[in-house]
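Next come two complexes built around chain A: one with chain B, the other with chain C.
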Partner chain A sequence: MTTVNDDATSSDWDGRYYHVDQVLNTPGPRTEDSFQAGDAVKDFLRNQCKILVIGAGGLGCEILANLALTGFKDIHVIDMDTIDISNLNRQFLFRPKDVGNPKALVAAEFIMQRVPGVKVTPYFGKIQDKDEDYYLQFNIIVCGLDSVEARRWINATLVNMVDEENPESLKPLIDGGTEGFKGQARVILPTISSCYECSLDMLNKPTAFPICTIANTPRLPEHCIEWASVLEWPRVHGEKKLDTDDPEHIGWLYNTALTRAKEFKIEGVTWSLTQGVVKNIIPAIASTNAIIAASCCNEAFKIATSSAAFLNNYFMLIGTEGVYSYTFEHEKRKECPVCGGESLDITISKEWTVERLIEMLVEKQDIQIKKPSLSSGIKQIYFQAPPQLEQATRPNLEKKVSELVEDGGEVTVTSSTLPFNLSLRIKYT
Partner chain B sequence: MIKIWSMKKSEDAAAKRKPKTSAAQIRVQKDLTELELPETMKTNFPDANDLLNFTLTITPDEGMYKGGSFTFSFAINTNYPHEPPKVKCIPKIYHPNVDLDGNVCLNILREDWKPVLNLNSVMVGLQYLFLEPNADDPLNKEAAEELRRNREQFIYNVRQAMRGNSVKAIQYDRVSAL
Partner chain C sequence: MSQSGSQTIEQATTAIQVDAQPDNKTRRYDRQLRLWAASGQAALESSRILVISATATSTSILKNLVLPGIGHFTILDPKNVSAADAGNNFFLNGYSSIGKSRAEEAVPLLKELNDSVDGEAVVKRVEDLLKTDDGKQWIKNFTLVIAHNLPNGPLETLSDLLWEELEDPPLMIVRSAGFLADFYIQFREQCIIESHTETAPSIRLTKPFPALQEWADNLDYSKVDPTEHAHIPFAIILIKEADQWRAEHNGALPNTYEEKAQFKKRIRERVVKIDEENFEEAETQAVRLWSEKGVPSDIEELFSLEPLTSSSSKQTLNPEFHALLKTLHAFVNSPEGPGNLPMSSTLPDMKTDTESYVKLQRMYKAQSAIEATQFKELLASKYPQLTIDEDMVDSFIKHAHQIKVLRGKKYGALEADKDAISAALQAWPSDTATTHFALNALSILLEKNSDPTTITAETLKSEVENFVGQGVDIPEDLDNAVGELARSPTADLPNTAAFLGGMIAQEAIKMITKQYVPVNGWCVVDLIESKTGIVNN
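Coming up: the complex of A and B.
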């Protein structure tokens, strides 16, 4: 029986890292100049490097196990979900007795029991609960999420965090994602390389059927389920929102879809298909998760140790017919709302009105801006259109900028002549 | 640990600090402030501080629906433009592509939505539905059937419905001052 020991060095028995050390003891032809072979790099990996794993589901379980076994010892994990019985086929850190418990806590406990000397700090909750100070403490962040929204959030947060005066504010983000037999792993260096938002249009859209097909000419069980959720639910329940995690709601959809399917002589409406369609679930494949997680952890290891060149920057796996993979450099998009656009520091007098500021922007030769609209946070300062908002914000033109924006505050400027937006940081003399 | 910061210095000296506004919010600001709507379309914001929930009123100046005033609700969520805006027709109208609950059959609102599309594309698409109602994508089957079978009768029904009268035992909302 192995006993857990918090002291990292004393639990490192002889030969524990024999294989990993082959890579770390000596430089190779592909190692970077900054690579410090031997004790220095091992000390960083095992005693200093702090890594955050977002998501403890299908990908997260694999990622946590891989990181712990490669020698990362200070691992943090965030997940907002609890364990469902349907997770157990692939989320191998969980057992039937864990059903109903938070994934982050159970996963952390499991890894610590199994891999001596590794400390896993769980947080059961949302990534949005944490602020910049929290994310600043990590060296690397690895994401194994299934939600587009959560990824957009963490991506934007890490890009925003980059502070010109603080090199430590730039955190490499390794993002893994899978969908059935397809998956991707990518390395995002916020503000340097293409970000998650840059590639948003590459995402597979959830399949949506034309609403008239659903309404009139259903042919597939999916059409009946969409009819129940898109058309019947709001008609029958009015304002009440559909909660796809509520078994009663799913039950209602299932029965409604089943009745319709009978009417049109369509077979195949089942409870799990209903759940799958409304939650847009694509069956999770354990081996896809394993490949993508391995790739993510390989990148984390290379970035943490500089032992080899890391992925630049997008690895794509397509396992639908045979096994095909493709690696390419996804390029930054100039009009990306998160990492694209221009940013400008300007210093103006406390007495300047909004109108004066707008005149200055229009006259500025280097930015070529026409008819700018300005906001600060979610507060509108001046909008050129539509007419109602132009009218509502017009009184602000005569107000002093300093009444609306604090010293050092940010102003978002959009204009049809800008590819996306311009961000101003305002300082007062 | 790799020296990322040095890569940054060599790559790009310009500061890229972004505001704390969400990408969806900035995108909606951009979409709205660059709207170029014809006289026949007007937006209305019940709460001027809430850019994500508003209405659009279309008053066609030609075609079978001329003289009517059709208001649609727009609800945009934080996943915009990954997801399309949710659009519903508020009054109960007689139209082959709009059902009695206000659902609208417009491809770019569902299966053909792409993040490169914007609010202007959706609004133009909605206006087009009143100029060219389409009998091939029916949501109101009766109306579609009528349009296909007897255009004169269909136009008459549209007129009746816009005045708030019944068509085939269904009472519609009055959307016309005529």
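Coming up: the complex of A and C.
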């Protein structure tokens, strides 16, 4: 590993920050009074501020470079992935020789080599490996992830971490995301402004094909691919797990889907489509990532320096037809399971079984809980794990909810993937 | 699935054939090919881009063009790397680059992003190139020219040069200072076949082609068994219901809210057992009947558009596209034709069984092939001397419902038009235009005196008042813009540079691939408010 370049002749040479210093030396017409122009703000930014970047992929690479150039010198980065050839069209800190290596390590190395005096500390692993103490050491957290699950986790963790007695426990979270020519950047002040969970219903609903279509009435090439991956793979390969990064596995799915498509006279099964469907590939380009990452880093810079007001709180960009953007304040949801505090009212039929309720929780756009476990007070309704408890509560799946929970009663929903509880108030029609 | 059926599939796939796996290049570009496909990629790969200056903004733009794989880039810059450049530009080698040519230092660091892209540094002043015929011709030979913070004098000369001939390359003008920026694309005409707009093509529910009509006519609800009933495609249901409605309403389709509601109610009443998803789908898709137009109004408008013609050479711009457009007009009006845009062969999914869907899909494909042939015959008879690439013709036919034509204006058109200035200042939100005009003033003042300490909010403001002219109200937002520019008149902030790097590259990709729709007018960026806006020309 290269170490931080501390050479006095190369670090912080005269005029290094000529550009950034223009906005740090003088306030603008809209700058707030708290701005400490000059040495104080520069000292904080360059010598004290500690910032965490989550994700070293499409957004992460850009975020790291921008933060380093603007003068953040103590940067940490977490990423659990290794570099794939399909990353190279946008993740500009990686070269073909890096394929297979951990993103966090390669990215950190590159930044330190290119921008002298900046220390980037990588962690190759999951965000869930780290505890509150770890997250408490940072001033700001910037998140460039493509996984909804991971974002919900970090969001909930940071909201839960807020201790009213300790203002230092409130960590601004800046979150970016892109899809093709579209993207968004937002600033979340945990417990104060709308959180990631509050806006879950704004996500595009992933396309799900009904099992009966896949099994009995395929019409589209996608149906054949889903058949190959969801039904045929487990039937033929048993316990062997499908690895969507393994070309042999994709090859098998492709051939299987193609054969089925031929049988049903359906056209359009290709390798690329097979990969797209099974990996749920989202188109991604360098330019959109650059815009969104720049926006995230610009907010981080404004928060760290107070040189200008930061975004309140959502910036949305659509670049398919001209340049259209929309900046607005996304409102907190009072029944948000993470930051809201009020329970969510759910009205269902008295005839609904527990299983039907679980199906709804999985599908509902503002909830989206995979594998939920349900309890009401001390009563266990259904638990996904451990196996003994699952077995003991399984008979309840067939029962009507109304037999287990009274009208207006509370049901607590938990899931091992999410660090929070959702509380529902059940009403019957 | 029967056991034997699955067996065949297993046998067929025991010998795994991975030869269909894409090559390295396709894998590398996979995430972008899903947006602009091989045709867009080919256009990018044959493009040659000139970028004037190697500032942080310029190299950010280039980074986002080299990564997706343009063919070639040239950086034109006479300057050496300053201490400030070494601090804010990621594509320089930090301290060790100071004093060396900025273009020559940047080029290798950009090239290493993508082996298939070529690049060169030209250490010259654009002002000098603009003085010689060779220099001018050299500039005109690029696919696209991008200039960041080029002083107004040479910028105007460059803009004039690239407005001489119709086929001169587009010029992208980018200006930034601190948290504020704007950019403009000077181009004559952008003809877009694949605009990727989300408007769905007509599936001919109001004017079914014969095979489709026949299916609907032959369908007797009372004679199909319950399984079949639940599998009638919504298109057939809607055609049948529409026919009946028209028969009872003097040939008219539902028009008022009440009529539409009644029409939907009829569909609901057709349901014989619960969970007939095809009828549910027909009810939600009924909107197609009253929104489906033979020719959408924006396409209709294009029919009256005359191609741009050079006064000197009598050559027209984009002759192939305009020939296709004229043919489309003739096709729509042709008595032998369907009276519609030619059919796009893409059919939406419908809740039905495989057999019906495949049958329907084949009908649409067959009809679309018939109409494509009609279109091509018409094209050949109207333009016998013109050879147009077959792929382009097919793409035009397929995307006829989403074609777009943009006509641009020369750089400076807004400032030359007092009414346009006044209209821009009255538009909402008012800070879009004030920021743009403040950036104009900054560029004028810096050209007169390059010492940034001479820039103040007052000098900027009076410069704006000067060219806006008397009698035009200037919104108070101007104070914010001039104050911000006076604070950081020459700052090329890394975040602003990166933001513009993304925006300009994105627009450049749209211009080069002729896919998606680029900005027409000034796009203004305010990274204090974290927003963008457009000043229309």
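The rule is simple: the second predicted complex is superposed on the first by the 298 of 429 C-alpha atoms of A that agree within 3 Å, B and C clash if a C-alpha of one lies under 4 Å from a C-alpha of the other, contacts with A are read in each partner's own complex, and residues count from 1 in each chain.
Basically, contacts are C-beta pairs under 8 Å (C-beta built on N, C-alpha and C of every residue); 3 or more make two chains touch, one makes a residue touch a chain.
Computed from a predicted structure; not experimentally measured.
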item	value
Partner chain in contact with A:Glu248 - chain B first, chain C second, else both or neither	second
Partner chain in contact with A:Ser423 - chain B first, chain C second, else both or neither	first
Residue contacts with chain A in the superposition, chain B compared against chain C	C
Touched partner set for A:Ser34, first chain B, second chain C, both or neither	first
First, second, both or neither for A:Ala215, with chain B first and chain C second	both
Partner chain in contact with A:Arg260 - chain B first, chain C second, else both or neither	second
Chain B versus chain C as contact partner of A:Arg235, first or second or both or neither	both
Touching partner for A:Ser272 - first (chain B), second (chain C), both, neither	second
Which superposed partner A:Gln22 touches (first chain B, second chain C, both, neither)	second
Footprint overlap on chain A, where chain B in one structure and chain C in the other make contact	215-216, 235, 302
Partner chain B, residues of chain A touching it in the complex	32, 34, 44, 49, 139, 148-149, 152, 156, 159-160, 162-164, 167, 170, 172, 189, 191-192, 197, 200-201, 203, 205, 208-212, 215-216, 230-231, 234-235, 302-306, 310, 337-339, 341-343, 345, 373, 375-380, 383-389, 392, 410-412, 414-416, 420-421, 423, 425
Residue numbers on chain B that touch chain A, as the complex places them	1-5, 7-8, 11-12, 14-23, 25-27, 29-30, 32-37, 42-45, 48-49, 51, 78-79, 81-82, 97, 99, 101, 103-105, 107, 109-111, 113-116, 137-139, 141
Complex interface listing, chain C residues touching chain A	1, 5-6, 8-10, 12-13, 16-18, 20-22, 24, 26-35, 56, 60, 63-64, 67-69, 82-84, 86-90, 93-96, 98, 112-115, 178-179, 195-197, 231, 349-350, 352-354, 357-358, 457, 479-480, 483-484, 487-499, 501-503, 505-507, 509, 516-520, 523, 527-532, 534
Complex contacts: residues of chain A adjacent to chain C	9-10, 13-20, 22-23, 26-30, 62, 65-66, 69-70, 85-86, 88-90, 92, 95-96, 114-116, 180-181, 185, 215-220, 232, 235-236, 247-248, 250-252, 254-256, 259-260, 263-266, 270-272, 275-276, 281-295, 297-299, 301-302, 308-309, 311, 315, 317, 319-323, 325, 327
